[in-house]
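In what follows, structures are represented as structure tokens.
Consider the two complexes below, in which chain A is the common component and chain B and chain C are the respective partners.
Moving on to the complex of A and B:
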């Protein structure tokens, strides 16, 4: 039995080696490279369209070599029919940042509570919170619109901030639950012996230990707030409108201002790529709620 | 005894704020949506809402447009998620090969997952353009004639599917990749000892072991595809002739263009019921996953 296993292990290794030899390895490289190119190509299109002159944008056949110009970026930010993208950009940054801080603080507290305390109905509560992740914004938009209207908060930052906080809470709670659960209980018991209160242990001991988890959940929830479209479009008009609201205006431009909208699109998407790379280790875990690690 | 009280209080201090936010912005809107859905409730007229009983639901039942929207959504979900799962599964095996540098490619493929959906729609709208789009250019290079991708019924839906497949296949692939990485080697060794061929190993060993990952990704993607409306908003606005009018788009236009909130709320309630079923499914999967060693 043992002998058979070992022999098979050797065979196994040789099988793996042959997989990396020609031709399977080459085909593998080819497929992987083509797929990667496919994944990256639209980003290239967004950036180059934003850098093209208007003539080059509408050219047939498409122009591949051109002299890049920042005219579209300049127009979108400073000229463009009195509808500068700057205030949209600032609103996006403020709303994403504040809603993320709120979601992470409230979420981390709740996640820790779920991990370290036992109470009646805990499982139900946890799964109810999970279910809010699946809430389709479009199914909530009618009641939420009326609630926000009645509260007199249409076109206000605070409405979007609170809604995005709620939207990201389930994500934060479920990811951080996993991180807190990995802390050895002995560390916290030691702190308890040292006279820390329960809440002090949470804040001074547990939170610092899960910092990588907190950073990556914060990045994820900031991106989700940044990308959100429906609530922003229905609930804001100008004062608190975010980048997606600006981009939604494209349909009113009669399909002419490609350069300007691609420039704003590039500003909305390219910075996110850096962050995506930063959280790639936790991305699958985050998007599947720890179901896949 | 006093310690128990203290514990309970600490648990509530930690969990209550998050729960409060979700009660106000998740549970209450659901109840409110139910209430709105049994009223004639319009934003167009100043009259107060009038009780309507179940007539909004009855109208939905006979509404051709609603039936069409459900059907289009179904087509979209089946096509997009189906392609993403098949492609993702195949690619996971490619990226699971031990090839030098393939890890870098794998990390790069992640980038579409967190790109703002509205910008994804904008980029693909540009690429599918009939007059100067790149997809048409490639098609013409291959010897075809120009194709009106976004104004011909079936093609318009397929174009939206293509954009969704671009954004989500990498994520699906990464989930399967993570699942493949987690499969223990000894399973394959045992299979080889038993003399199973490569195909048999795939269908009788690998696929059954990937079942949880497949189901999890299926539910997550189905729910997300059901609620997404950014691509439709950017690329077709539901046209031509309702061929891409997915359920969220019909709901949104009913509520905020036709201003018929009662009718939109009835749709929202049905949608929530459907999502709840899917969510129960997911919770069950997650529990069995957590119970697994």
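Moving on to the complex of A and C:
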């Protein structure tokens, strides 16, 4: 830096300095903008198609400026078939929310146990938990179908909630283990001396300190549960079927109603988008910084 | 306030480290006792065993003759201050201090009153709304001390509380800790590796090394009557000078051919032992630099460190290096040939097992 400063004495030194500190110039922004546009374009198409009239959807060349209509949303929610999209939406929300809460609560407790307690076979147990994710989910589909069927839980919310919770648990445990391990042990020792029990320390000291980890695992779990298709497809038909199942069934039963299809697609993205934006402000790292030393 | 008693306490960690070995120690009601020793000497393990953060491997800990070593930490009524503060990062200073009271489910107005009272005592009232990361080291540790004091614990345990602070803050805070401790009369155990700090605030000092208690006493006891070479070397700044000794006969000894004048008790102690492998110990304060002469140990000045009121002079002698404290108005130059005279009544002799010939009966253990 010093060398560069001397050599460029006559040029715009301050500009160069800020550029080296954060190397995004106009070109960088341009590249970033193109890439962002590329990623968002499909979503733009989904949203605009959902807002177009049927003729506008099929117009060629594509219509860029049009008068938006909510007709497709209305049709998807209230007109189509016996059961409208809204019941699938509710199923998706219930199943995702419950399985996410269960996975995060149970996973946080397990992760804390792995970090703070000494017990036989600890490392093997942790590895086993991770190993549950080694095989592709489709490999378990038959045994799980049989189990769910024998338990009389086919087409029930509880079956999907249990399966999604189990699938998310290993992820939650492994991520949160790292977060809990970062809490300086002295903080918890201070709490012990201050008169708190282990369980109280978990809820009042440890959990608030790993909030960023809780939030990120909750987001990941919710996205997984929200998007999961295979198990939902096999284990549910109508009563507990989720949005992905409904979306997949669209082309078969209705021919392909593009406007309504895209309207449901937009609605399928929306809740998870809102959830992620709502909680991401808690994704602040370094909360434990400055606690000790 | 309880009287704490350690009886044969031993702490062995799972990896086999024997951190504390067979510790017998009584902490009197209301006293401030310092555990002093180099790192790894077992002082922190001792205090943590008392707090309940470590399980004792052998032995018992009594508080007023009731066993407490099997109780969980929250049942022992100890408050602890940690070297690295260990504040709750997600809570404000006020909430940090309030935590022990909330654990006891005190009514909210009572909590507020007591927290603010402690904050006033520690001069941190304006900081009550801040989180730990917005506080300086000294402020954090005041909050840490406040959290420990707020519930009026039976014992106050401090594990190197000032270790991470700057020198001027250490001096300021240690005086404050001592004032608070005297005012509240809480039995306090204070761990430090800084002898100056221990000397400044302790009623009694426990010197530990290698997990074993070496000596208990006031700072002056430790300086003037060290029971063994470890205490003699560890306590006192600059450290004691050690020189090998030749034993010419039962009654007299010399250093590199220069006979030593011994006090009567020391001469008697010498007659009582047959050990020939003796070491002389003498404080830099008890050596004076004189013109070279045959009745004195000769040496060459190698380094002079002025300290304001005095100077520390390093002298190389045939028996080994020696440190001498001289008044600052008389300062030998490096390279000068000098003689060293010892204050005969203040000499220490250590036998081949490093025990003091004079003070080895732990008679200063009062």
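Keep in mind that, in the parts below, the second predicted complex is superposed on the first by the 232 of 293 C-alpha atoms of A that agree within 3 Å, B and C clash if a C-alpha of one lies under 4 Å from a C-alpha of the other, contacts with A are read in each partner's own complex, and residues count from 1 in each chain.
The rule is simple: a contact is a pair of C-beta atoms (placed from the backbone, for glycine too) under 8 Å apart; a residue touches a chain by one contact, two chains touch by 3 or more.
None of these values were measured; they are calculated from a predicted model.
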Per-residue touch tally on chain A - higher for chain B or for chain C:
B
First, second, both or neither for A:64, with chain B first and chain C second
neither
Which partner does A:140 reach: the first (chain B), the second (chain C), both, or neither?
first
Between chain B and chain C, whom does A:273 touch in the aligned arrangement: first, second, both, or neither?
first
Touched partner set for A:131, first chain B, second chain C, both or neither
first
Identify the partner contact of A:229: answer first if only chain B is touched, second if only chain C is, both if each is, neither if none is.
first
Let me check the overlay on chain A: which residues of chain A are in contact with chain B and also with chain C?
197, 287-289, 291-293
Which chain A residues qualify as touching chain C in the complex?
184, 186-187, 189-197, 200, 205, 208-209, 211, 287-293
Note which residues of chain C are touching chain A in the complex, please.
51-53, 72-74, 78-80, 82, 84-90, 99-100, 103-104, 132-133, 147, 151, 157, 164
What residues of chain B sit close enough to touch chain A in their complex?
6-8, 10-15, 17-19, 21-22, 24-26, 28-30, 32-33, 36, 91, 94-95, 97-99, 102, 105-120, 122-124, 126-127, 131-132, 134, 137, 166, 170-171, 174-175, 178-179, 182, 185, 188-189, 192-193, 212-213, 216-217, 220, 223, 226-227, 229-230, 233-234, 237, 248, 251-252, 255-256, 261, 264-265, 267-269, 271-272, 275-276, 278-279, 282-283, 285-286, 289
Going by the contact rule at the top, pick out the chain A residues touching chain B in the complex.
4-5, 8-9, 11-12, 16, 19-20, 24-25, 28-29, 31-33, 35-36, 38-40, 42-43, 45-46, 49, 57-62, 106-107, 109-110, 112-114, 117, 119, 125, 127-132, 134-147, 162-163, 165-166, 169-170, 173, 197-199, 202, 220, 223, 226-227, 229-230, 234, 243-244, 247-248, 250-251, 258, 261-262, 265, 268-269, 272-273, 275-277, 280, 283-284, 287-289, 291-293
